[in-house]
Amino acid sequence: MERVRTGISGLDEMLNGGFPKSHNVVVMGSFGTGKTTFGLQFLVQGLKEGEKGIFITLEEDEESIIQDGMAFGWDLKPDLDGKNLVIVKLEPTDALSTISRIKSDLPKFVKSFGASRIVVDSVSLLNMLFETEHEKRSNLFYLTQMIKETGATCLMTAEVSNDNSVASRDGLVEYTADGVVVLQYDEPPEKGEIRLTLRVVKMRRTNHSRRIKPYSISEGGIVVHAGAEVY
Amino acid sequence: MERVRTGISGLDEMLNGGFPKSHNVVVMGSFGTGKTTFGLQFLVQGLKEGEKGIFITLEEDEESIIQDGMAFGWDLKPDLDGKNLVIVKLEPTDALSTISRIKSDLPKFVKSFGASRIVVDSVSLLNMLFETEHEKRSNLFYLTQMIKETGATCLMTAEVSNDNSVASRDGLVEYTADGVVVLQYDEPPEKGEIRLTLRVVKMRRTNHSRRIKPYSISEGGIVVHAGAEVY
Amino acid sequence: MERVRTGISGLDEMLNGGFPKSHNVVVMGSFGTGKTTFGLQFLVQGLKEGEKGIFITLEEDEESIIQDGMAFGWDLKPDLDGKNLVIVKLEPTDALSTISRIKSDLPKFVKSFGASRIVVDSVSLLNMLFETEHEKRSNLFYLTQMIKETGATCLMTAEVSNDNSVASRDGLVEYTADGVVVLQYDEPPEKGEIRLTLRVVKMRRTNHSRRIKPYSISEGGIVVHAGAEVY
Amino acid sequence: MERVRTGISGLDEMLNGGFPKSHNVVVMGSFGTGKTTFGLQFLVQGLKEGEKGIFITLEEDEESIIQDGMAFGWDLKPDLDGKNLVIVKLEPTDALSTISRIKSDLPKFVKSFGASRIVVDSVSLLNMLFETEHEKRSNLFYLTQMIKETGATCLMTAEVSNDNSVASRDGLVEYTADGVVVLQYDEPPEKGEIRLTLRVVKMRRTNHSRRIKPYSISEGGIVVHAGAEVY
Amino acid sequence: MERVRTGISGLDEMLNGGFPKSHNVVVMGSFGTGKTTFGLQFLVQGLKEGEKGIFITLEEDEESIIQDGMAFGWDLKPDLDGKNLVIVKLEPTDALSTISRIKSDLPKFVKSFGASRIVVDSVSLLNMLFETEHEKRSNLFYLTQMIKETGATCLMTAEVSNDNSVASRDGLVEYTADGVVVLQYDEPPEKGEIRLTLRVVKMRRTNHSRRIKPYSISEGGIVVHAGAEVY
Amino acid sequence: MERVRTGISGLDEMLNGGFPKSHNVVVMGSFGTGKTTFGLQFLVQGLKEGEKGIFITLEEDEESIIQDGMAFGWDLKPDLDGKNLVIVKLEPTDALSTISRIKSDLPKFVKSFGASRIVVDSVSLLNMLFETEHEKRSNLFYLTQMIKETGATCLMTAEVSNDNSVASRDGLVEYTADGVVVLQYDEPPEKGEIRLTLRVVKMRRTNHSRRIKPYSISEGGIVVHAGAEVY
């Protein structure tokens, strides 16, 4: 099974080399756990390996994303200029046009652009654009299928339903995805410093570690301390 | 009482030989607990014993299911080609046609095909196709009856209502089923490695163990460590 | 006060001889706690004592009920043939006809048949047939009154609202009933084997034990270990 | 402040003699905690003291109430025949007529009958007759006012919102009432026997004990063990 | 900053002399924690200091309020007769007229009457008169503004959302108020006697103690044991 | 990355100098945790550094805000008169005009006025003006975008969903914001004094401490005790 390296030190080891190629993986966590950073780091790793990437965002505009990268020493501009990376900003104020745009353009675009990595940040905000449960579900299924057909490896960030739980806000994307990585924060009983932990809860068609590992968000991005235990 | 072996080492012992023949058994668990693997393994065991099987899926397409099997060393292609196994992919975007298709075709198909094992993965996603509580219930009852009339042994996977609980998302299928196997993950107090546990909560018309047993998803599929205790 | 023996060893002692005659008793528990077995055992005890019984079911068909009994060594067929026992299967797909059937026929039927024990398995599924809270309530009150007028002793099984709690799904039947027996499972802190426990929470017009007792579902049906403590 | 003895040994001491006269007191508890017994015992005490009483019930019919009393050695028939006690059975299947009956007849009836004690068993079931929150509230306020105008001391039983909590199902009656007595059951950590406890949470215009006391339902009715501690 | 003494011994010390003048303070607690007594004591203190007061009530009528005071040795009649105190009873059965009455009359009345202290008992019941969330909010904002314009110091009692929590039933009044005093009861682990505790959670424009203090409701009203710790 | 000092001693150190310039930061906490004080202190720090500020409030009027400042020794009047500070009071009783006013005027006003700091107190109350989830979301996105375009650094206060949790009432603003500071109170197990704690949960494009620090609201405003541990 071919692997796609996440570029996150420690995590690739837990996954025996990275995400399985063409998988649709959800990175789920509360705000402040580094989901956007995770997505960027995944794309930057692709860029390093000569792959092209697409970053679909509903939260921040292109300029903010560039600054996000800058903060970790990743200069995205050359790759944006060189057409190795595209940032697609969806406007959350117009549901219908957004849907149409995704529906009709994405597969063609991915193929013509030649992207092998896609990030959707976040699928929960995307889902909020739809009014009924039925629409949310239909579009989530449709989007998943679209992306699967492109053959690219996809990472979707998702917000959790409550404070720090192991369930997405919609309670669906974790079931339709091929893999789920959960980011959590951990308030130690004696207070002090909040610790961040990562676990791979699901990864279809591959063996994976089920250990809970501490991670940190440092100058170079996310680092999983695979050799350490949480306590 | 005739038994149908699940092919899951350790579980058949807990069940005195396997599921009672013609039972409708629900395998319930959170994402990442191996429900799809459980269903495939159950069918593969049938194939080994010369039985035919049907895999009804709403989550993955045929190609993905084949790869799922491959990851555990189960080559499904010969049996698909040899008409011992059929994978039926229901499109979650079209509720009415889906329902009609199940309603009218399933019993005839099961009989003409000669299947003695059926897997529905997952009954929770199937249920999401319906809008009202009333429709969900009616169709669940109808499906259960359809399958019962075929005489085949049926395994339905179901998602849990909250994070790791012992109740399905709809809170109904565990009551209408003949048997319920619950898959859970267990976060040890000192963190470290997530442990997977299995328990047989219900199995009509037969004695069964009520012990909670650890299991793992290894290269050959699910293995229940029937001789071990969780702690 | 005249007593009706449940036939469940250990429980009749806790109840000073059995259910008070003509009481309407709810047996409440999660799936897999043996509610259907409890109901059958109650009828079988009546048959042994020369009483007639009616089993109203929404979950299983007559053939399944016969097999349920068989698994515990109870051969229901002679009594079915001899018209000492009747199994009434309500179809959950037709609410209106079901209601009418119960409403108009039950009292007459009970009297002409001469039944002194009635089991409804389950009142929760019956309640799901109705759409509004108002309909559910009205019909529950009506059913209770119908049965009370027949003078028979009635046992209704009910599902619990959440996982293992001491409240029925509708939160009503435990208040209108004359008695409530709660079946629960108990996950010991060190995992291992799930233990089943029984308690009599309510029994109008009689003194009863309020002890929590372990029970098991063995070859001969339910046995309450009245002499043992849970821990 | 004039007192009305409840007739419950131990409780009258906690209340410095009984309920304040003309108070509207709610007795709140889960099923099986003895609310109906509490209400009957309160009326029986009045009968002993030569007072007249009215028992308004939505749960049981007159015959059942008589048997309820019989189980505790209270023969209600002489007082029913002698017009010292009236049992009013409201039919829960007819909301409108019920309301009208209460509205127009109660005050007149109480006065002409000369009742100084009224029991409503239960105000929660009465509330279920109304569809909207607004109707429930209006009628609860109206009923409270009606009864207050009669000058009689009133005891209303109420069901709790969840399993054993200190809040009524509607979350309102405990605020409008002059007093609240909470009945709870207590599952000791080592299982064994369920213990019943009573506390006086509210009693306007009087000092009262805030101790939690064990009680039991014995042959002579409810007895509060005022001298004992729960543990 | 000018202070308005609450008259509650111990609390005025925690508040450096009392509520800041013209503040709108919410006293929040479950039933039986003494909210009405708190409100009356606050008015009685004003009467002692020669101030006039208004008591707006939705729970009890004037006669009951007078008796409430009597129970603590406060004879309200002379001040009612002498026009130093007014009790306004709002009828909860007529929403529209109630609103209009508050809206149009209150400010004028407060000024002409010359009241410097206002009590609303309770703002939660007042809020129940309105059907929609929007109406509740609008009227709460409107009422708050009305009262603020009068320049009087206002105390509103509020019921808590669940059993003993630190949030009001509507979850709004604690945010719009200038101050919040929370009354709670505390069930000690070894059962025994329920203890009442008070904390000042919020008091704009002033420093205040954040200690949790035990209090009792004794013959002379509420006393905060400011020198004692809860445990 | 340019920093904007919050003026809160201890916090600027945790943030390596302050909020990143032009960030949109949410300060989230229950009532009584000092959110309004936090916002004022942030503006006052700007005034000290010669920057202009805008305070948009839905909770208090201008006069109250001035008094709020006075209580901490901040005399806002000279800056209000000198047009360095503007307090904008939105009327919560008129939803449509409020929205229009924000939408059309804010960006122009911020630019012409030359404000580099904006406070919205609170975004939760602002959100309550809208009826549907869809309107709330749209307007929150719109407001965020408006403010971002002005280039000013913005602080929004937000109320928490339940009692003291780490999630806003709407569950959205913490995801769209660039940073989140959480204020909580902490009830020590032995009761006594409530402790206030602060944590920086999220701060895009910068490294930040994840320690939980105690803080107090003293005469000079909020002080974070960065050198101390909570326990």
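Assorted remarks:
Labels A, B, C, D, E and F are assigned to the chains in the order they are written; within every chain, residues are numbered from 1.
Operating definition for what follows: a contact is a pair of C-beta atoms (placed from the backbone, for glycine too) under 8 Å apart; a residue touches a chain by one contact, two chains touch by 3 or more.
What you see is a predicted model; the values in this text were computed from it and never measured.
Counting steps between touching chains, the shortest path from chain C to chain E takes 2. Taking each chain's centre as the mean of its C-alpha atoms, the one that lies farthest from the centre of chain C is F. Of all chains, the one whose Cα centroid sits at the greatest distance from that of chain E is B.
The best fit of Cα atoms from chain A onto chain E calls for a rotation angle of 120°, in steps of 5. Residue numbering at the chain C/chain D interface overlaps only partly, since under half of the positions present are found in both copies.
For the pair chain A and chain C, the distance between C-alpha centroids works out to 51 Å. Chain centres here are Cα means. That of chain C falls 59 Å from that of chain F.
With centres defined as mean CA coordinates, chain B is found 30 Å away from chain A. With touch defined as above, chain E holds no residue shared between interfaces to two or more other chains.
Contact topology of the protein chains: cyclic, one closed ring where each chain has exactly two touching partners.
On the chain E side of its complex with chain F, the touching residues are 1, 134, 137-138, 141-142, 165-167, 171-172, 174-178, 180, 197, 199, 201-207, 209-212, 229-231. Residues of chain A touching chain F in their complex: 30-32, 36, 59, 64, 67-68, 70-71, 92-93, 122, 124-125, 128, 131, 159, 162-164, 169, 185, 187, 190-196, 217-219.
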